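In what follows, chain A forms one complex with chain B and a second complex with chain C.
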Partner chain A sequence: MTIIARRLAGHLARGIVMILVVATITFFIVRSIPGDPVAANVQKLIEQGMSAEAAQQATRVLYGFQPQGSLWDQYLDYMTGLLTFDLGQSITHAGAPVTGVLAEAAKWTVLPVLAGTLLSFLVGIILGVYAAIKRTGKLGDVLAISGSLLHGVPQYVLGLLLSAIFATLIPILPADGPVDILYEPGFNAGYLASLFDHAVLPVATYALAAYGGWILAMKSSVVTVLGDDFILAAELRGMKRSIIFRYIARNAILPLFTILALSLGLLLGGAVFIERIFNYPGLGLLLIESITMRDYALMGGAFLIITVAIIVANIVADLFYSVIDPRVRSGEEVSA
Partner chain B sequence: MSVLLESSSTSAAMRRNFWAGVWRVMKRKPSRLVGAALMAGFAFMGVFGPMFYPDPLPRDPNLLTRPPSWEHWLGTDDQGRDVVALVVTGSRYVLLAALVTAVITVVVGTGIGLFSGFKRGRWDTVLMRLTDMKLTIPGLPLLLVLSTVWKFSSAVQMGLVLGLLSWGGVARAVRSQTLSLRERGFIEAARGLGLSTTHIVGKELLPSMAPYIAMNMLIAITGGVYAQVGLFFLGVLPYESNNWGQMLNTAVFRSGALTVPSALGFLLGPLLAILLLTLAIVLVVDAMDEIFNPRLREE
Partner chain C sequence: MKRLAAVVALLGLASATAACSGGGTTNTSGSGGGGGGGLFTTIDVTRPGLDASGPANPWAPKGNSFQGYNAMKLGWVKNHLTDPNQFYPGIAAKWEIAPDNSSITIHLQPNGKWSDGKPVVAEDVRTSIGLAYTTGSTAFAITPGAAGAAAEVTVVDDKTVKVTQDMSNPSMKFARGVMDTWVVPAHVWGSILPANFWDTLKTSRGDGADAEKAREEILALGQKVLAFAPPKDVSAGPFVLERVNPGEALLLKNKNFYNAANVAPDQVKFLNYNGNEQIWNYLSAGKLDHSGFVAAPADVMNRIKQAPGSNTIKGFSPVAVGMAFNQSKKPYDNVHVRRGLAYLIDRDQVTKVASPEGGTPAVTTSGIHQKPAQEWIGAELAALEPYKHDLAKAEAEFKEAGLQKKDGKWTLADGSPWKVTMNAPSGFSDWISAQENIKSQLIEAGVDAEVVTVADYPVYLEELSAGKYDVGFWLMALGPAPYDIFQRLYGVSNGWSNVAGKVKHSAPGKSGNWMGGPEEIDVEGVGKVNPGELTAELNAASAEDAKPIMAKLARTANQDLPAIQLWDYVNTQFTNTARFTGWPEQDSDLLRLTAGVWIQLGMIKAKQ
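Up next is the complex of A and B:
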């Protein structure tokens, strides 16, 4: 238990370092945008009749840091803002604080991503075991090829195809926005049904895009385990098939937890595509909008929050991993 | 002298056997030959394709956004240009960038993964911290943010950036595979025999990991296509040359291909190209998997 606690502490420390790194990257990217938008904004406001003081104040609000003092001072200012969750204010959302805008958008990303991931994980690992056991047969072939294809096809291709088929050619599902505006938001049947309807295509796209990876990873993992000596030994000792199957599954599923964290990260990145196609107001769409509108405070905030979500997913996956696999724990002790 | 001759003739025989094995594996499933043919077709299209068309492509104001017809198999775009011609001329940028991406990803990833997993110790810790950091920063959002300062004007530049942003997964995968392999009997035996590290890594570790690396090559090539086409599709990069991503962007967000059926061909062109390319790579990698991984062979 203490080992796990120590691991957790290490992860948290590294997570904080990562957040600082990403915040630093955003700070310098905003600073290095050609034409210095910060100075241009101050200049513009002064020309519009604002005092220099007020112009700098307004610009600070916009970009999240003060265009005054040395670069180091500005950087410190920006980082202190972070500590108090002050990510500046969005210009495109009528000056609302970025943190609030992000919180509003997060729920439209997190729920569909989780639903799609869990759905594809369950289906993928079950079919992956079949693909491994029946790998010499027709069924195994079909499963493996379907997995490879879906794994290789980008999310936006799947999303565009689903949208073209189920929203345009056979219009049975909505493909625009998260909910019909004619319903009163709240716990009423019409609103919830509309929410569900609108979520079907995005969630299906997340699930289809991830399914191929799971089936491939599980198949190759099971194939590796099948050749291990201890499986052969167990078979020779005449152990029950169900117990052998548990051996196989337990050992084969281990490497998949690392991939789970990575795939959550990939899906959050992919949320950009799916949300753009289905016009779903999550973090990805927010990031795109902030870039096209040059809303830098919002851009930095959206980038940061996506990274934080991935850091948390990684920590969770790693803890899972060390709880399940005793070899990892002992390995850590030796090298520490 | 005789020893030298003997060893060179056995290695020649081994090479012959290898190619005979390759041909056997390819022949067993016709789908694999299809995959290889498709891949050769894409290579031809990327290298020679643009030479068959005038640059710039002719625009025809009487043929704006037409549905597929005999003259224009996939219809025309919103400037009256043939969609098939656009797909062919747009392939060079996409394929070149994807190739650069894949090479950088696999070489850097495999190198770091092998070194880290085999050496363990301090280097391992440093390299894996670095890898973790790369993996944690989400690639696509970072690219989007970077696109505010960087224009990715050439295909090689695009491939370079994508490759340097995507080796993390390969490094991690190769390292964990190395870690599990190095504890197996045959590697321990090789170490016990006092064989050199180069021999163990090159002759014992790499061959047993070839299917794994091949799988990662698949992910890297498709990933390279995926990322760059996606960036252009999202519309955050300026229109430089024509490529599949820009076609998708124009089709969906300017011509309304998802609501106007006549623009559907415009959308289908690049989608079909991406699907076929993916199919080709998948089929070829399926064959490679069997060539390099005897355990999968169905004799």
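Up next is the complex of A and C:
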């Protein structure tokens, strides 16, 4: 435990420094993005029928939310706020705290991506083992080809295909947001069913897009383990096939757990295209909206939350590996 | 497989739990009586999208107040072709505008009630006007000397309010500015305004440090107004916001609405969107009862038209799109080059490619949309140069400008290459299609051309304003008020600023002057014209006084061509007749208002 505690302390210290560095870089990059949001807002209001004079006035009030002072002053304010988890106020969301806006969007990203990732992981590793064991047979070929195919198709193509098939050609599933507003929120059957219905296509897209990677990685890992001496010894000892299978799976899955932890770190980044296709109002869409509107506080907050998630995932992955691999736990060097 | 099923079930439950945490537990049963028209499904294309955490606040940039549904104004501006002061009733049942435009007296709906049962009274209007001052727009500007600003707001009785105009800088649009006011309940919103608000407002109208401080205080209140979130939506409109999630908003019928008996739908569902393609899909699937116009390629438009019940209604839209020049750059400083391009570009073809459903080719380039142009300048319109597609005339104009044609290609006067570089923001598919078509036409006529797509609209506007482009697209002819029409050509972007009735001209490249046209133009048959000053005169001119000024400006724009008017937009609305009837007629002025206004006026009926 001492080794793990020491590792954790080191990771946390490095993580905090990294977050501060990334926050600083993000702050300046975000504010260097070209484009005049004020002029754009005036034009937008004019297109909506407002007179030019009124549009300018309305925009002036709206952008009163913008942080004042020099860039350096704004930076100091931003970093001070960061220490108290205050990321400032959003312009597009009428001065709402950025943390609240991000939290609202995060749940619509995390849950579907988490569900899709775990589903693809489970299916991928199970079929990956079969693909490795049956690699000389037809089943192995079919599984390997399915993995290669789906690994090569971009997420947004899968999303568009699923949407076209199941929401337009055979309209049995919705592709228009996270839940039907007609159902009263709560633990009632209609509402839960609506949530589930609306989640099917995005979750399926995430799952199908990630499945290829998992099955190929698991197959490769299992093939490597199959050649290890302890498997040969087990076979020579006449162990049951089911026990040998468990040996193989346990040893082959270790590196995949690390990848899984890192994948979960990317959850908060969302999948912009998937969220756009299915009108899922998560962090990906929020990020695009904030960039379009040059909502600096929201943009900075969105980038920061993604960064923090990745750093945390790295720490978790490392600690997790320490826990599941006895060699790491004991401080022994392990070759990658 | 059992384990897998368990995991899936757990994930489903987790998802439900998280989503439930943000929702309320209100009853979905309709609160309104009568009608029984069911669910009306629509989309608000003029807004940036729903915001689940947004307030029911008409001033919030991304709130959940929907014009004509749960958000009400004193009256609904008709956008009449020539008269800015015509309205449909809203909170106000009737109104009287003084003959000299010095005041408007508003009589509220006698049976008007808020959704919580309290009557709509004059004090609600006064409070709403106070709130409007804090966002400082239209008649309630606090900028000293602003055109058309209100001077006094007087509660005459419980149902009557009188608002007078500051006649030191009057505007024809004063009454419009007043009637265009959001009205919210004083018993919900009143706490935002401090007790001394009206005294502060009085002080702000003076000069000196105290006045400046008062103005700052009032504008600071604006931020509170924009962010204010009433705990519950209290509406005087036909509907009340029940709840909203990130994908949809639900409004229920307001039984206290003064015309509730004629409001057909029990519920209204607003769908969210984050791109045109989602609206296309909704329309193709026949999901929407109504949607405003969204540009769509021909195949998508055909798909939409094939949906059962699909229908479009078309009418006047007071906007045109122009190909605008940066006259600080050669050869666009030469009017013959601009005229040559006007002759060379076939506007019919451009419109057919870029906006067949949403535009009609401009019959000439006058700065005014074709339809109000008939009303404003009448016979003068026929006297303007139509710039019909004519390659010979284009060639003659280019030669007049000193351009040279070598081996079938036009070069600048000194023989150096000439390439027309057009810029458009990414995502503006109709503009990009138009520019691509123009490029093809130019190249065919020997003028080298290219289209450069810019990252997005904010970048486009910033770079346009900084004078980086030679040629860009620019919205113009924004009616119906005459001043609004011409300030797009002869306003800030071309050097003229109009502050408190005083017109100043900035040199090209300064203070947003990217068009860089001449300050004075010699117009054939008219004489020397300062178009910026003439435009400013339109602010206070009566309709009759405005007509000769409009004629002069149309001639100036037609001769000098700061922009080539390409097509006039057409207001195209998508409706679906499968569930509701009673839609506005083709060309109805109601098309410039939301379907919520149609519903509250009692037009929309459930299909039997």
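FYI, the second predicted complex is superposed on the first by the 278 of 336 C-alpha atoms of A that agree within 3 Å, B and C clash if a C-alpha of one lies under 4 Å from a C-alpha of the other, contacts with A are read in each partner's own complex, and residues count from 1 in each chain.
Criterion: a residue touches a chain if its C-beta (ideal position, glycine included) is under 8 Å from a C-beta of that chain, and two chains touch if they have at least 3 such contacts.
Owing to the predicted nature of the structure, the values given are computational and were not obtained by experimental measurement.
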Quiz item: So, does A:F187 touch the first partner chain B, the second partner chain C, both, or neither?
Solution: second
Self-check item: Contacts of A:T168 with chain B and chain C, given as first, second, both or neither
Solution: both
Exercise. Examine A:L76 and indicate which partner it touches, taking first as chain B and second as chain C; both and neither are also allowed.
Key: neither
Quiz item: First (chain B), second (chain C), both or neither: which does A:R276 touch?
Solution: both
Quiz item: Of the two partner chains, chain B (first) and chain C (second), which one does A:I4 touch, if any: first, second, both, or neither?
Solution: neither
Exercise. Determine, under the contact definition given at the top, whether A:V21 touches first (chain B), second (chain C), both, or neither.
Key: first
Quiz item: Is A:G227 touching the first partner chain B, the second partner chain C, both, or neither of them?
Solution: first
Quiz item: In the superposed arrangement, does chain B or chain C reach more residues of chain A?
Solution: C
Practice problem: Identify the partner contact of A:T292: answer first if only chain B is touched, second if only chain C is, both if each is, neither if none is. | Solution: both
Quiz item: Where on chain A do the contacts with chain B and the contacts with chain C coincide?
Solution: 34, 167-168, 175, 276, 288, 292, 294
Practice problem: In the complex, go through chain A and note every residue touching chain C. | Solution: 34-37, 39-40, 43-44, 46-54, 57-58, 60-62, 64-65, 91-96, 100-101, 104-105, 107-108, 110-112, 114-115, 118-119, 122-123, 167-168, 171, 175-187, 191-192, 195-196, 198-199, 276, 279-281, 285, 288-289, 292-294
Quiz item: Inside the complex, what are the residues of chain A that reach chain B?
Solution: 14, 18, 21-22, 25-26, 29, 32-34, 135-136, 141, 144-145, 148-149, 151-154, 156-157, 160-161, 163-164, 167-168, 175, 216, 220, 223, 227, 255, 258, 262, 265, 268-270, 272-273, 276-277, 287-288, 291-292, 294, 299-300, 302-303, 306-307, 310-311, 314, 335
Practice problem: Provide the residue numbers of chain C that touch chain A in the complex, in ascending order. | Solution: 4, 7-8, 11-12, 14-16, 18-28, 39, 46, 48-49, 51-55, 57, 60-63, 79, 134-138, 141, 143, 146-147, 173, 219-220, 222-223, 226-227, 243-250, 267, 269, 271-275, 278, 281-282, 284-285, 287, 318-319, 455-459, 461-463, 465, 475, 478, 481, 484, 487-488, 491-492, 592
Quiz item: Where on chain B is chain A touching in the complex?
Solution: 29, 31, 120, 125, 129, 132-133, 135-142, 144-149, 169, 172, 176, 211-212, 215, 218-219, 222, 225-226, 229-230, 233-236, 248, 252, 257-259, 261, 264, 267, 271, 274-275, 278-279, 281-283, 285-286, 295-296, 298
